[in-house]
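One chain, chain A, appears in both complexes that follow, with chain B as partner in the first and chain C in the second.
Moving on to the complex of A and B:
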């Protein structure tokens, strides 16, 4: 057999053994050769179905958490007030089939969308609140819709405005002027406010007066052609092609370029910037240059016909009817599909929709959240990935610290014995008798507040490591006490092996199996301890996620009752991890000492 | 000059009940290329005296006084660093229990290699080559396979061969064999003893052979030291001890009488030494053997005899070393008692 073949076959054999595939044993001597204690252990472990199950579950969790958090990095400071407490699911882009090929108008709300078909029938889809589900009269014919954070507006063919969804903060109180008006041109629902623009160029609004800073100059009334909103303010396009901000505050939004005034044909606003399309097809953007919002794609520049804005992105319809999006592409909302003959678009929040000549409705962007979102609108799934990595890293480092201390102290204590042993063991008992939780909480409270986030996390690792070594030290000591009486220790000594080598290279390998099992189980308990600390708010604190502090909000009964996704998923992950690690640990113990199973 | 010489060695153990004088003034010497057999009952201090040489005593043991001269140097004054260089290199040990003397988690190769790597500046590859040579030297069948095996895969005899290979790896000047064959079957015993004798002749190693088996001593030793209660009670050449000799210690005599010989008549009970070894914390005042000695007199009980040379190369610790004399004395005594 050539060298290569030999290596190949031994590799094959190892793989087979790893998965417990038995084969005919042809050579007795050969079989004998394979039975190193370690291999025997591995084989025992691999044939233990429960332990293997635990191993697979743990590896899955581990792999998902570490690979997942590398692929989908979490911006810990990212929050979104418009995406709070959304339940899990991916139906935000599920356009009803009746509307798909017959769309007249569409509007994007924070987590839902409203559409009206060419027959004037209303549709809505996505994550709907209870109030939103109460849709207005179906026997009326609607022509225009608009959606806000959690309310929607619709315009009937008789020129009447109806509103549904959130009815608080005055949103349900449509002003008399609007109720009586018959020439309504545009309706716009925003963040807790609703706007109406009439054919005569007047603007009316109602809702929460504190949500936006709005001041409408008297001279503007009668000249307004179009109104756009973002979360902070509103802008109007006048009939003579000028852009006016409906606020006096000196925000970057106020830097409206002078040269475009008078030539603007369409405007759009998102929460970082405002864009205007001029008559020559140029797009001008001002405000804050986040997410590359100022870098208008070449496909749109000079060819733009109309524009709409989402939360952090813009969508343009070009003169030849295609669609171009740019800006934040976290959920694919700036990755516009290739469409033709598009007549209107609506971008809002994290989605965009486009309707073409034939009434085909296409949507792109955020579909939903796998595990929902929390009270700050953060993706629970993403936080679980990053949180899991944090929890496991903290657990692993804490266990490494405690194992190193435990092995060294236990090893020295067990090997040398005498007064040193006495001293170290009394010290161990003192550490052991410290009440863990109160001490950890006090330490974390006193030291933790002065530290940076990274410092705090390291401190948690060190606290966990420094307080959890005693049981391992005692275990190692006991093992070494019995191992050092073995003849082979004296024999090794007689061979001139130095003491340090003797303890750590001769005796320790004989007790390492016990250490490994203990370490595995300690890892599980470290995960739990870290989570408890973080749950109580003394471990890793927000915004850095861990599985423990994600459960923090479960202290609130509302969350437990209504927002199950915020605590069920992290707790499932945590318990699965802990149980699987325990299964692995038990399996390893059985593999090392098969007799323990018979007891 | 002797290669290894113990002079008036006292090795004590502190226990909770007091100081145990395990070795209480022992002197013996091993000459280059010769074998010194040390016999004695359990607890007579044979092993402790040998372990004192390498300072392999348990935590509570210490050398109280005396000298251990090796190559003219006093090992009791050697530093730990010097001891590391002597152990396994110049003086090595074979233990009684081959079953447990090898580390169960390492292969034979790793354990053998370690000796070379510790004491000789050789590469790992070279160490492996030498390990193989050593296994061949101790006549292990299929040595290349055995190198890769773990101790639990070997039989007792094989393990003892491995131990011998480890002990002789660095060609030590002195080999301390602490009851190396006690735990082995008789046939294996004979093989191992032959092997040790062969290797000794090849390498010129001196052996300090500790056993309680007089047959083995007869086979192996050039000189014999008989120990009792931490003292050497008789020291002579093996011919003197086992041959017809007018002088001997009553303890040696008892030992000799307690083993069957080819010329022992059938139907005769073997003579046993009555009583037991005294407790190490409660040693008799006079001669340590006196309470069990059938020749003991009031002088023996009161006064401790010294070790003195009765003839050239023959030392005895007894007031009545002449066999004929003391047999006569005891018969006279018995008659006197009868007369009373």
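Moving on to the complex of A and C:
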């Protein structure tokens, strides 16, 4: 055996001895007798069903949180006003079976969709508010539908407009001109506003006058062919193929290309850009080039027949009846299926629907949210993944800090004793007499305000770590004190073993199990402390999520009662994590402590 | 014993000063100038010169113009003579501000303490006597879950169950708004508002104390004198309640002293959720409003409470178990 190998094997041996693992298999009887304390602990732990259950639950949570947040990364600043407080569930694309093969018209609202079949019957599906559920008269025959943020419009075969859903902000007050009109051609519901275009080319609108700043020039009345709108403005296509914006703002939406005027056959608007299809099948896009909206796909360019727009995407029907979508693909709304003979589409918000000439209705895009959305329209499930990772990381690092300090101080104090022990123990007592929660709040309020987000998060780890080590230090000191007096240490000393070897080979193995148990239990309490701090608004602050601060906004009775998904899911996750860690810690304590094993 | 107490007391004073310097330093590093709150802010735009003078005067009246060590000495002298400063937020002396919150906190926590022990002691004894039975296992798992659940999760759940689904308790506050009750009616209304925070705070402490009682009882039951008592032919009831429980009380009594801190300190989380006007809520609002005199006084109060609690714990050990010698 060469010298190098020998050294390596002696290091391995040290590690093995540290955990009491023996290489040589002895016979069964001896094995039973000679079982090392570490093996006894492992066996005790594995046979403890409750502790193993906690272990499995914790590993599941841990894996889900870390792997899940790596697969589905969270954009912490992503918000959407149209998707606020949506309940959990995936029914946004569940088209009623009666409509599926018999569709005439379909319209997409923020979280729901409305359809009408060829017999003039109305359908709606998705997340419906209480007001939306009160559908209009089923006796009438409907021909056209339109859906907005939280209200919907329908046109009867007699040319009457009905509205349902949100009735505030003047949405229920259909103007007399519209009530009297018999030649309504198009209805359009938008963000707190409704529009009507008549065959004679007139435009009428009603609703919240502050939601969109619309001004319809006098000379435009009588020439309008089609109207499209987004959350901020509206556009009309005139009968002579011109595009006119209905508000006088200097937004990028106003940069309508001059060369297309007069040749436009269809227009569509989303909340970043506006697109127009000219008579030669070309698609022209202007506005803001987000999500690659300006890059019209090859399959659509030059072959486009008509177009519709969602919140951040466009869908085009080509001249040969296929559909092409592009733009934001967060929920798959830009991944159009391969369809044939499509005659009409409607896109809205995060979905698109297409109807072919046989009346088959196909939808793609946002199906719903697993755990719903919060008050800013953020996906609760995604935030829980990222929040869980944040909570666990903070807890783990805080525990590592406190364990290192605790072991060093407790170890020095216990091993060397004397004045050093006295000094360190007095220091420990001072730290112990600091009121934990108030001080943590004060520190995070004072120091945290000056720091960046990352700085603030690391500060919380440090505060938790710096305030929670004293109990561990005392424990380690007591363990070392008792180990120091044991006969085997005296024997080792008498044999003249080096101090380093004495500490690491003889004393440390007797202390390390206690440290591991304590660390596990401290991890649970760090999770709790961090969550409490964040819950009170003094820990990690928005927009970064943690399980604690996700519950911060749930401190009012409306949320607790009606938006249960906003607090129930983070609560369950946090509770499960802490309970399982405590079960593990408890099982480990029982496993290492033969006295508690008798209980 | 007397020698130990004197030594311990001197040591407490030493710790108190160290911590007070620490707290003072932390408070002084709070961003924001408390003098700004005392000056009319409109003056800054209308008359900058007079604004500066007013600001200087305010700083002088708060003693902010002096170097930090002198500020500390002055503050300490004031604190020791019972003048805890002036709360900028309430515009009243701190000592007047904390009166009501202190009463509310002590009322809530004392009730909770009584309830917790009334529940945990019998339950802990039964589960220790029937060790490893199904009942014991259930109590064990239940208590782990109980002490693992975050306070605010339990609070949200209880609000949902007992204030929104079944509307039997008010959601928050300590009196029905708009009413002017007197006498018994007022006490009734107060207790009615205290019910939900009391329930939550009791529920949250059950698990930990239950485990402690059970462990103490099991240790006591394992002693030799229990075997002797049983061998003498004493009835099991006498063995458990007279011999074992009395000895198990020793460690239980000592943890009551560790409750001392929370009785006076209050729970920041529970009080802020239920808008219970207690000390925990006071320190939170003081921090949010940067009312430095108030939270500095509160922090020092917490420190004193903790130190006294530690001392009481040591003395309690000594009294409860004569084998423990204080040195």
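One rule holds for everything that comes next: the second predicted complex is superposed on the first by the 541 of 599 C-alpha atoms of A that agree within 3 Å, B and C clash if a C-alpha of one lies under 4 Å from a C-alpha of the other, contacts with A are read in each partner's own complex, and residues count from 1 in each chain.
One rule holds for everything that comes next: a residue touches a chain if its C-beta (ideal position, glycine included) is under 8 Å from a C-beta of that chain, and two chains touch if they have at least 3 such contacts.
The structure presented is a predicted model; accordingly, all values stated were derived computationally and were not measured.
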{"item": "Partner chain(s) touched by A:561 [first = chain B, second = chain C, both, neither]", "value": "second"}
{"item": "Winner by number of chain A residues touched, once chain B and chain C are compared", "value": "C"}
{"item": "Touched partner set for A:439, first chain B, second chain C, both or neither", "value": "second"}
{"item": "Which superposed partner A:510 touches (first chain B, second chain C, both, neither)", "value": "first"}
{"item": "Chain B versus chain C as contact partner of A:586, first or second or both or neither", "value": "second"}
{"item": "First (chain B), second (chain C), both or neither touched by A:492", "value": "first"}
{"item": "Partner chain(s) touched by A:37 [first = chain B, second = chain C, both, neither]", "value": "first"}
{"item": "Partner chain in contact with A:417 - chain B first, chain C second, else both or neither", "value": "first"}
{"item": "Shared contact residues on chain A - chain B and chain C", "value": "none"}
{"item": "Of all residues in chain B, those that touch chain A in their complex", "value": "54, 56, 59, 84-89, 92-93, 95-97, 100-107, 114-115, 118-119, 145, 148-150, 153, 163, 166-167"}
{"item": "Chain A residues within the chain B interface of the complex", "value": "29, 32-33, 35-37, 417-418, 486-488, 490-498, 506, 509-510"}
{"item": "Complex contact set, residues of chain A against chain C", "value": "50, 426, 429-430, 432-435, 437-439, 441-443, 445-447, 449-450, 524, 528, 531-532, 535-536, 538, 548, 551, 554-555, 557, 560-561, 564, 567, 571, 574-575, 578-579, 581-583, 586, 598-599"}
{"item": "Touching residues (chain side chain C, partner chain A) in the complex", "value": "11, 15, 18-19, 22, 26-27, 29-31, 131-132, 140-141, 144-145, 147-153, 156-157, 159-160, 163-165, 171, 215, 218, 222, 261, 265, 268-269, 272-273, 283-284, 287-288, 295, 298-299, 302-303, 305-307, 310"}
